[in-house]
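Below are two complexes that have chain A in common, paired first with chain B and then with chain C.
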Partner chain A sequence: MLVAAFIAKRLALLIPVLIGVSIASFFLIRLIPGDPVLLIVPETATDADIAAARERLGLDQPIPVQYLRYLGGLLQGDFGTSITTNRPIATDLAQRLPMTLELITFAMLLALAVSVALGVYAARRLNRLPDMLTRIGAIVGNSLPEFWLGIMLILLFYQILGIAPAPTGRIGSDFAVPTVTGLITVDTLLAGRWDSFVNALSHLALPVVTLAIVISAPMIRSVRASAIEVMQSDSYRCAAAHGLPERKLVNGYLMRQTLGRLPALAALVFGNLIGGSVLIEFVFSWQGLGQWALRGLQVRDYPVIQTFVLVTATAYVLVFLIADIVQAILDPRVRI
Partner chain B sequence: MSQTPLLAPTRRIARMEPAVVVGSAIVLLVLAAGIAAPWITRWGSTQIDPLHFLQGPSATHWFGTDGNGMDIFARVLYAARIDIGIALAAVALSVVLGTAIGLMLGYAGGWVDDIGMRGLDIVQAFPVFILALAIAAILGASLPNLILTIGLINAPPYARLIRAEVVALRHRTFIEAAECAGNSHRSLMLRHLLPNALTPILVIAPLNCGWAILTLAGLSFVGLGIPVPEAEWGAMISAGAADMVGGRWWTATFPGLALFITVLGFNLIGEGLQQRQAKR
Partner chain C sequence: MSAALLDIRDLKVSIPTPQGIVEALRGVSLHVAPGEVLGVVGESGGGKSMIARTLTHLLPYRAQASGSATLSGTDIMALQGEALRQFRGGEVGLCFQSPRAALNPVRTVGDQLVDRFRAHAPGDGLKRRAIAALAAVGLRAPETLIEYFPHQLSGGMAQRVMIALSLSCNPRLLVADEPTTGLDVTLTGEILDLIAAQARDGDRAVMIISHDLAALTKVCDRLVVMEKGLIVETGATRQLITAPQSPYTRRLIAAVPDVTTRRTTSPESRDGETVMTLRDVEVRYPARFGGKPPPALTGVNLDIRTGDTIAVVGESGSGKSTLSRAIMGLLRPTGGEIRFRGHTLSAMRFNQRRGLRRYMQMVFQDPFDALNPRMTVEDIVSDPLRLTEPDAARRSAAIDRVLVEVGLDPSYRTRRPHELSGGQAQRVGLARALSIDPELVVLDEPASALDVTVQAQLLDLIRRLTERRDRAYVMVSHDLATVRALCDRIVVIDAGRIVEQGATEDIFTNPSSPKTRALLDAAPRLHVDAR
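Then we have the complex of A and B:
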């Protein structure tokens, strides 16, 4: 099948799931007790004022009607307006999505590097000390509460050693640069401010390391398991028996085959991160997508939560699609 | 076989994976400490020592006190009851619910299966933690509601696993033989399919207990879990996070350590069980 046709088919399959997700989230969040209208009207508001506000927001309509209006807006690219801040959702999204993407992309890259290096290293020293330590490390990483780990790193590197900046946001106020892409590392470079770039990196360091430690754990285990499987395969043992140099064995045989299995897992981890950075953003006051959604949930800002769920669900499915395509490129046996 | 019955249990333990032994020991120790808390410490879980607010670790208060003057050591111990209790109950609920759904979908097949699976797709497309936050917010914070929340969001993976097993078993000869022998649907599902489909989920359940505790603590951390004065590790970390700035490290560190060690225990059990299964 042609790649384009494959992508089209997968995207078509995405539509019913996304409609389902949008319906489910729409009705689910309206079940949460608490009325957003009461949060935005002044305390002196009369019943008539409240009714007027409700009508202005369209919340006086039956829920199915509200949903159809929302869906109609979505089809025209309109995500609606925040109930509590009155800002267009699309503006908030454009501002916050890059923040979260930047955080989790750096964490993902670090975790990929660490897990490939450690996983392959451990597999080549199977059941010896380095392997044991790697396995124990993976279980420990898997058991750490990410929000607590973040707090402990703040305690150590900010409070005690004083080498990390205060955990409040993405850049120090003296180093602020105009927003172009929304990615702070890119924006600081575009502005030509080397000092700002370094400052942004120092703010990124702790949350990125925290996330990377937590997500490395399952990836190390998986890489190690694949590498062991490859090393026990006939082709690898044959190559080794023929006396190929170590370097060639590792780079040409072991790495190549082991890495072929990584995209699916990386997609799963990355997909989960997009909706799963809430706690880390909370700890480091990152003000990204996760914190936006958390606040939206606390003040019952329906359009905010709907958009968050829709965006994360879409990203989740898209990431898997990309992983399948990458897998097909890496492994010619996989036909898409 | 000249095995003396007395030695049999010891031999069985020796044959077990070391990870399972260590993990079980950790979990049992934490649980025992939680249950025996009234005999280990003289402070209650919400008892206030009016003379010692935010004091560092000392002979009177081993882990120090929090901003309310409550003893951290006592609270860490008492919290084990709530955290492990909720995790076990929630995972049990997930297993029962997921098994029931998976069994029915796999057995029914056809359009029932199709619709059910699309439903699971939709539920699983939600970001897990946000779904947990939303359901916890809908139900309101209380112990049974938290069990329900964590149990519900974690049921779909179990349903998928059981369904896959049942679909694979459905047309095996022994099941068809049982069907021909005139067994009812109920008997086919419960007596013939279920026992043969259960193995994979029993391996995953301990890993899930660790995950369930982390989810509970995460919910409490952002204020949607166990309500404040009650002792719970996530809520204690949340309260302690603010103390950190003044250099008062003990309020968040100790409950986090307890949380980490307990989750580690469950994960070790899960890891060991997986290893044993891989060896077979």
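Then we have the complex of A and C:
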């Protein structure tokens, strides 16, 4: 019951956050030099044509009026229409958001598994070879530009070894399935096409691995540091001094206490990924949210940018909510 | 002498540190017989804990140990692998210092007990055994307690759980490392009795490691005194206390605060000017989820005058700290009135109260927590001085003056806290408080984090300062013995209420409240007739 109340309270917090974020993004992007209308009218357009286009888009109104109209639309679930493509934002969003979510969720899960395993492994072999290798690996992973890493992986696994599919989106054309959820792994399973599912996974593999390598680095370091701290703590030493077997020490004492510190960092990393996957999407021709937002920014497509900012803010709030709940499950001292 | 259960011969432990190799133990030999309670006493850094850590193979990283240690013939130093695991907990039960840190924060008390049963003596009815183990250490309602997490336990309960965990697998030797740290005097006695009782039933033995000589004399058959990694004296408790051979033992004995020491000056100062009055003060902390918690402080009346030295005495959790925070204006009472220098402190906002800070200062319990490690002594002491003395040269002179006043050479100005001993650091804390010549100084257990011999010196300094009677001192303490020699008046506080207040000697000769009597009985003293 308390958990339900806590979740309700945090979700209610979304309302002021989103209003604040929408105001800030709405007014700030209009401060950036550049006029979207000039980009959509033909080069031969007269001043009258431009004024007509401006009026059609509602951009001739005072900015506060434009905002209230926008807000009114939002309340009815209408994100507006793209200035440059004339497509409803909601349609684009429904198509692109799942693609990005799928990519970064898989990357996050992989990175979590890798960083917990490697971080704890390294900590248990403190200052020995495996620990040093992990530390060096983490630093290298942290310093590699993700687009470069992506290209190198493509070069190796597609070009040279030929075991990965071409970086051309998320499924081979022979394996296409009808879109239901927008999540390709789910849709292929829903369609009952095992071969499509495998194909989708093979397309996911390289971008997911690339992202996971980059985001694992800070998490490995954090897990390793927490695990070292736990192993030097009195509670761990006490359990060892009372003769608990190794497996119990690692699972019941080391892991539980180490994991308790991970959710907050993981949430931050995940939040960053939502806006930060654009380079990877570009390298792997992934038609996700990042590419969409980047193009929107380049052509000053106001509704696109506004929606992107709103989606990112919502995701941050939700991800941190999940992280807090997970943390409370892992650590009885945390009350929610 | 009966055959020893534990036999340690010429044990040496050296620990490499960035500052060079530390010889923690320099050839220690001792033995414990079955049924015996051995006390190992000494000040911090004496190497006491290294003995416990050697017995459980928990020495610090890269530490080197040599010598021999056997427990009924088992060579402890040679143990490894599964034999070591069985030995730890099964043969030697180590009871850790500060149980709150040593209990696993994410597992319930019951699960932690069951973990240990499974490791050493698996079988049926583990939950029932866990309940029985908790009941055996005197915990009430053990059926509910097994569902508790460590953070839900009080300090005394946590220590009992710790003991239950150490005993859970029937070790032949129970080693308790500073088992009473952080416990108040009444609890200290109870916990030591419980630990010592483990040796009374047959062939088990107990080793208690502590800096608290007075507490050890109450329960130990034999004492080992350690200084700088060496045993300087060993003997039966009575003999060692009545006829100490080594100068270090004599110093330890002399440092035990004596309940019979009285304040030398008479409390004639009651005509001093009133600095602060508290009328019917109540403090309630906000509840987390609905419900109304009992007040942390209620119905408190107190007058503080210039020249007064008032002791606020109570057990932990009684409301002492809340009272000192209310006096310092660090929290706002939820009821009643506090007046200071003609201002109604209790009605003022935080920012307005801050303006009055220059007239009141506080000295904290742990000097290393209270001093900024990045600042030099000079910066630390001059920090509050900036409020009152804009001129740098005069400020500098004032720093020298106040350092001398607290017994520190002015050459210490350039040092940082880590270059100071505990006693020196607390003197700096005192100097910081006195630098701006406050009218009221609150001392929160100023000596309790220090080693006993240093404690005596610091309390002596405080006594000399208070005897000048130029300002008011409020000293918070759980220990009646130390305040007897220091304070004119004692305020005994229990469960948020003042249960007794009066002149120090009246309280000692004629305590009216049962709480006061309990505190007086629990006061540390050397027991030479107990055994």
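Operating definition for what follows: the second predicted complex is superposed on the first by the 323 of 336 C-alpha atoms of A that agree within 3 Å, B and C clash if a C-alpha of one lies under 4 Å from a C-alpha of the other, contacts with A are read in each partner's own complex, and residues count from 1 in each chain.
As a convention for this text, contacts are C-beta pairs under 8 Å (C-beta built on N, C-alpha and C of every residue); 3 or more make two chains touch, one makes a residue touch a chain.
Predicted model only: the values in this text are computed from it and were never measured.
A simple residue count on chain A separates chain B from chain C, and the partner touching more is B. When the shared chain is aligned, chain C comes close enough to touch A:Leu330, but chain B does not. Contacts of A:Thr312 after superposition on the shared chain: chain B is touched, whereas chain C is not. By the document's definition of touching, of the two partners only chain C reaches A:Asp234; chain B does not. Touch criterion not met for A:Ala205: it reaches neither chain B nor chain C. Of the two partner chains placed around the shared chain by superposition, neither chain B nor chain C is touched by A:Ala191. No residue of chain A contacts both chain B in one complex and chain C in the other. Considering their complex, residues 118-119, 121-123, 125-130, 133-135, 137-138, 140, 210, 214, 217-218, 221-222, 234, 237, 240-241, 244-245, 247, 249, 252-253, 256, 259-260, 263-264, 267-268, 271 of chain B touch chain A. Interface residues of chain C facing chain A in the complex, by the touch rule stated above, are 56, 58, 85-90, 93-94, 96-98, 101-107, 111-112, 115-116, 118-120, 149, 151, 165-166, 168-169, 288-289.
Those residues of chain A lying in contact with chain B across their complex are 16-18, 20-21, 24-25, 28-29, 31-33, 139-140, 142-145, 147-148, 151-152, 154-155, 159, 272, 274-276, 278-279, 282-283, 293-294, 297, 305, 308-309, 312-313, 316-317. For chain A in complex with chain C, the touching residues are 2, 233-235, 237-246, 248, 252-253, 256-257, 260, 330-333, 335.
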